[in-house]
Amino acid sequence: MTNNIVVTNIQRADAATIDGLREAGVATAHEAAGRTGLVGIAVQARQSGLTIAGSAVTVSSHPGDNLMIHTAVEQCRPGDILVVTTTSSSVHGMFGDLLATSLMARGVRGLVIDAGVRDIATLRAMGFPVWSRAVHAQGTVKATPGSVNIPVVCDGQLISPGDVVVADDDGVVCIPREQAQRVHQASVERVALESAKRELLASGTLGLDLYNLRPLLESLGVTYIDDPVTNKTQ
Amino acid sequence: MTNNIVVTNIQRADAATIDGLREAGVATAHEAAGRTGLVGIAVQARQSGLTIAGSAVTVSSHPGDNLMIHTAVEQCRPGDILVVTTTSSSVHGMFGDLLATSLMARGVRGLVIDAGVRDIATLRAMGFPVWSRAVHAQGTVKATPGSVNIPVVCDGQLISPGDVVVADDDGVVCIPREQAQRVHQASVERVALESAKRELLASGTLGLDLYNLRPLLESLGVTYIDDPVTNKTQ
Amino acid sequence: MTNNIVVTNIQRADAATIDGLREAGVATAHEAAGRTGLVGIAVQARQSGLTIAGSAVTVSSHPGDNLMIHTAVEQCRPGDILVVTTTSSSVHGMFGDLLATSLMARGVRGLVIDAGVRDIATLRAMGFPVWSRAVHAQGTVKATPGSVNIPVVCDGQLISPGDVVVADDDGVVCIPREQAQRVHQASVERVALESAKRELLASGTLGLDLYNLRPLLESLGVTYIDDPVTNKTQ
Amino acid sequence: MTNNIVVTNIQRADAATIDGLREAGVATAHEAAGRTGLVGIAVQARQSGLTIAGSAVTVSSHPGDNLMIHTAVEQCRPGDILVVTTTSSSVHGMFGDLLATSLMARGVRGLVIDAGVRDIATLRAMGFPVWSRAVHAQGTVKATPGSVNIPVVCDGQLISPGDVVVADDDGVVCIPREQAQRVHQASVERVALESAKRELLASGTLGLDLYNLRPLLESLGVTYIDDPVTNKTQ
Amino acid sequence: MTNNIVVTNIQRADAATIDGLREAGVATAHEAAGRTGLVGIAVQARQSGLTIAGSAVTVSSHPGDNLMIHTAVEQCRPGDILVVTTTSSSVHGMFGDLLATSLMARGVRGLVIDAGVRDIATLRAMGFPVWSRAVHAQGTVKATPGSVNIPVVCDGQLISPGDVVVADDDGVVCIPREQAQRVHQASVERVALESAKRELLASGTLGLDLYNLRPLLESLGVTYIDDPVTNKTQ
Amino acid sequence: MTNNIVVTNIQRADAATIDGLREAGVATAHEAAGRTGLVGIAVQARQSGLTIAGSAVTVSSHPGDNLMIHTAVEQCRPGDILVVTTTSSSVHGMFGDLLATSLMARGVRGLVIDAGVRDIATLRAMGFPVWSRAVHAQGTVKATPGSVNIPVVCDGQLISPGDVVVADDDGVVCIPREQAQRVHQASVERVALESAKRELLASGTLGLDLYNLRPLLESLGVTYIDDPVTNKTQ
């Protein structure tokens, strides 16, 4: 089994691709990835207006135990994002301002955690961005083994070490490392396309016409009615 | 059945009534309506400090499919609020900045959706107010029929097309169109009354006295005790 | 039984202890109390960046009925925090700007309620801090008896009248009155200790070394691996 | 407003239609109604293997207060189903074996309640079927007004007095009274159709062929692949 | 602080009182206790038709760690009920058939746990009754300290060691030890009263008359209407 | 991207290993797998007392659309278990008795679905075992593409096609195909060990002694106290 291991040597995507995916943002990167990769909605931004992208360093912890988070810090490099999961559902405040201080000292860009964080006011003041399942002051122990840099499932989404994680106010998306360049390219094209659409829609063109949806509505049997009361008595 | 129809001709309340209900706000309008009309707490404001009121244009969609939202845009007029529901529970991000661009071009005042939205940072920057069950980037298809401007249930609350919807940081309330004038009038009276009460309470008058609750407490058998330990041993 | 009573004479902790615990904040006070005392995560701050501490005046209400909140106002003194629970789960908006006006007139520092509040925009504008399970405009009646200043359970946490309640963006913690001085002292020591740790971590010292965790990892059988693929085929 | 009223004279569907819909069961009646009418999944069968159908007598109660249930009993006739909702979410045990005794004495067929019930073991022993949001012993008061036989929303579904309610292990569906005959007829046809399909499927015919789905899959771009690894490297 | 202690000498209620409360069942004991004492609805019976009553031996555990359950076994005597809580929310399967074997060997009557259990089919076959928050196979460690026989909060309800716990299909109620005799006496009276009411209701007497509710309805302004449509246009 | 594909040729574990894991059951297989592999608790057994094991045929569907389930039927062989997930959270009744008829005709052993099923009474009568997130009659469309036999995440657990799925009243566990033999062997050893322990525990030996936990309790600072009141005043 791959239990209780720390993988020290993981591959990461190139910096230009990661930066490009950050510019795309979560919704666009997710669409460019064929509508895949989203972490569930339980993991929410704990600040407003920040977007980050980086390489995932992953942690699988026992609930209520942050021993493996401390272990993972050493594996982080500038540009990484720490991704923490627990072996069963937990809202313990496993991460606070001291761990954030450590991560910022190593150039880590943020935290995605399927559990709780605490010291949230300090984290915001420090400018350390966090996406978490909960804010909860409940303290943790350092007693139980776990793993660093193994594939983990974060609120329903598989994340492997070295995958590109993008996070903003819309949530968190994971782009597998080997697909990152391709998804980046697709997201650039998508942004251009959306820009053109936005202008048309702002000028009053309807999506019904822009996307040619009227024939589809007709084929699906959608009927236009002036007066529902009359229809009811037909 | 009234499935898969688009009703093109709905009645709306008059503008002065709608504006008056906006000034009252959700809590007061709800009280003025006899404590009825509230959408459930799952549908939450996605910005802070904004109040809107308008006429409901309603959508019943398949989950994860925004075809009928595009269809509904054409039915919207200045002053409307788009109200979107799905045929079963869904948190898909069915609405984003492109649809908001379209709605703003038509003078729509905001969105109430019992599902997810995305591009939330852009929506806030655009000043387009949203009340939703979730923020989620998950993309949608355009494949399944539904209806526009039929009565819908939005997180437990029946909303008919043309009803007056008021939304603020307290949530969303629906005032049936035919009751809107009467509720508006009642809310004006209520605001005046509350203003007088607020002054009394600020000066130290107790609610117990203001509402004459002491006799009620006595009739209900509520007892004042100095020392609970003594009471326990009685 | 201790039903339907109002206890008028409760003991409170001294002001210096209460102020000291406010400076410590929720996470530190909780740790200083031996990782005890936290109210659950359903009761959340409804504003950002505020910390309060005070003596608990407790309410046990029927759901959807705020008669006993009005009754409790009279029992509040400057420096108190009102703690409201219901006899079964409820999200009614049992508290709004009029009750807040009353409490501010008596010098109450804030509200912790395991139910809903309304008029939230006004409460924020008034500067009256609230921690609640929900924001919901749903109105209440004044019809059913309950108790004031009996021990209550607030989202999983026992709170007795006169206990010290501390609340900030991390949540709410309750320190039993008779332990307050001791916990305050422990929190002062803890703050000093954390300050030293923060400097070391900021300079790049790892938690693994600061807390001497490497021997523990080894004793737990955590293994460092360079290449997981090779490991998989072992 | 239609608050605090008891409507004594409601129309009901004919007995043959109601019995026919009971034979169809919830899933079939829901399909025959154009995939409409389902109460949400929070309201669950509290026994196994029972199907009922009857005319809705509706109740809108204050949470934790069963005064209006007692009021509704008098409005029930043989063949009715009592449908109870609360003005905000509640899990109080508003209904127990005494109320069931009363309803059975009047020939009522069962209870659908968007709240809690208690004495569940006795209810099962009495053979009185219940669909509820919760089983909870929490007692109620009799203090607050409400309404009987007004349209209510039961876990997301609008139910009007006199509508036909069908409930089985799959949940609860509401068929509007004026559509009941038509839906009954459609359900009879559907049952016949499904019976034929079942035989074909049991003999090994695939749904892909029975519903002619292969062209659809192709038009949607679904691709058959023998070996996904090879595909990945394409 | 009272952390990490095992209290070996607790007081229990007398056997006759405990047996009497078992006969009353949860709903009646809760009413006899003045509508207090209920554990929340998240803790559910994991079998059907069993009622137990006994003296609480309480456990406060770290989530995902059953060390303190093993510690508590030694403190159990015949007639006890083990009550397990965790310091933060957890659904780990902290208890299975081996621990049940141990408890049955000591004459323990059942388990109430605000967390998960596993081996549920075996537990049912053994006839060991369980009320739990979840059924989950997730294994636990034995690594973290906790306490036995301190007051705990179990899904919102304070339970002290030696309190009488009654559990059946309606849930779990806790009767404080010092009130047990009085509550038992009240429940006997209540059962007699309900028996008389049941006969009256079965014979067709309405609760409206039995409880004399008609004057209350009138005083609350509840109005009887024959035809709601006419009323609407009044 | 691996979107919208059907993989026709997957590898499966050998029948003896699968049967052996079925005998072990979910809790034991999970422990033998190093406490990994559990599907979350939202996916629950919809019958009582059945254990199945088989090879996973996986489906990734659009919510509310069962086109890909029909597509997957053709890929199933005797001894398989169908595992269905949706691209975002859904409780639609995507599976009923007709699909079960099809699967039984192909020798499929059961269904694990992170969504809803319907016709549950018929499914039980047919003896077709189901683990699902919900029972809900809500009907589905056949309109949107998806994939068959790609890796999916089922309530938090990664499941790849051909993995061994074991399901019983405790839930669902996934054993990766390439680890199945090793886990089977470990589970056989574990069963033997537990059998010996069970005898000792039944005869009154405490887990504290059997697992030698007393030194651990001491090292963790757990203290035995006769009388908590005295301790409190120390």
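Observations
Order as written gives the chain letters A, B, C, D, E and F; numbering starts at 1 within each chain.
The definition used in the following text is that a residue touches a chain if its C-beta (ideal position, glycine included) is under 8 Å from a C-beta of that chain, and two chains touch if they have at least 3 such contacts.
This one's a predicted model, so the numbers in the text were calculated from it and none came from an experiment.
Touching chain A and chain C together: B, E. Each of B-F and D-E has its own count of C-beta contacts, and the greater count is at D-E.
More than half of the contact pairs of B-C, counted by residue number, reappear in one of A-F, A-C or C-D; that pair is A-C.
Work out the mean CA point of chain E and of chain F, and you get 30 Å between them. Averaging Cα coordinates per chain places chain C and chain F 38 Å apart. Residues of chain A in contact with two or more other chains: 35, 38, 87-89, 91, 136, 138, 144.
Across the assembly, chains come into contact as A-B, A-C, A-E, A-F, B-C, B-D, B-F, C-D, C-E, D-E, D-F, E-F. Note for the complex: chain E touches chain A at residues 62-64, 87-92, 136, 138, 141, 143-144. Interface residues of chain F, counted against chain E in their complex, comprise 26-27, 30-31, 35, 38, 41, 44, 48-49, 168-171, 173, 194, 197-198, 201-204, 206-208, 211, 213, 216-217, 220-228, 231-232. Per the touch definition, chain A reaches chain C in the complex via residues 2, 4-9, 67, 70-71, 73-74, 91, 93, 96-99, 101-102, 104-106, 116, 118-121, 134-139, 142, 144-147, 149-150. For chain A in complex with chain F, the residues that touch the partner chain are 1, 3, 33-36, 38, 40, 87-89, 151, 153, 155-158, 179.
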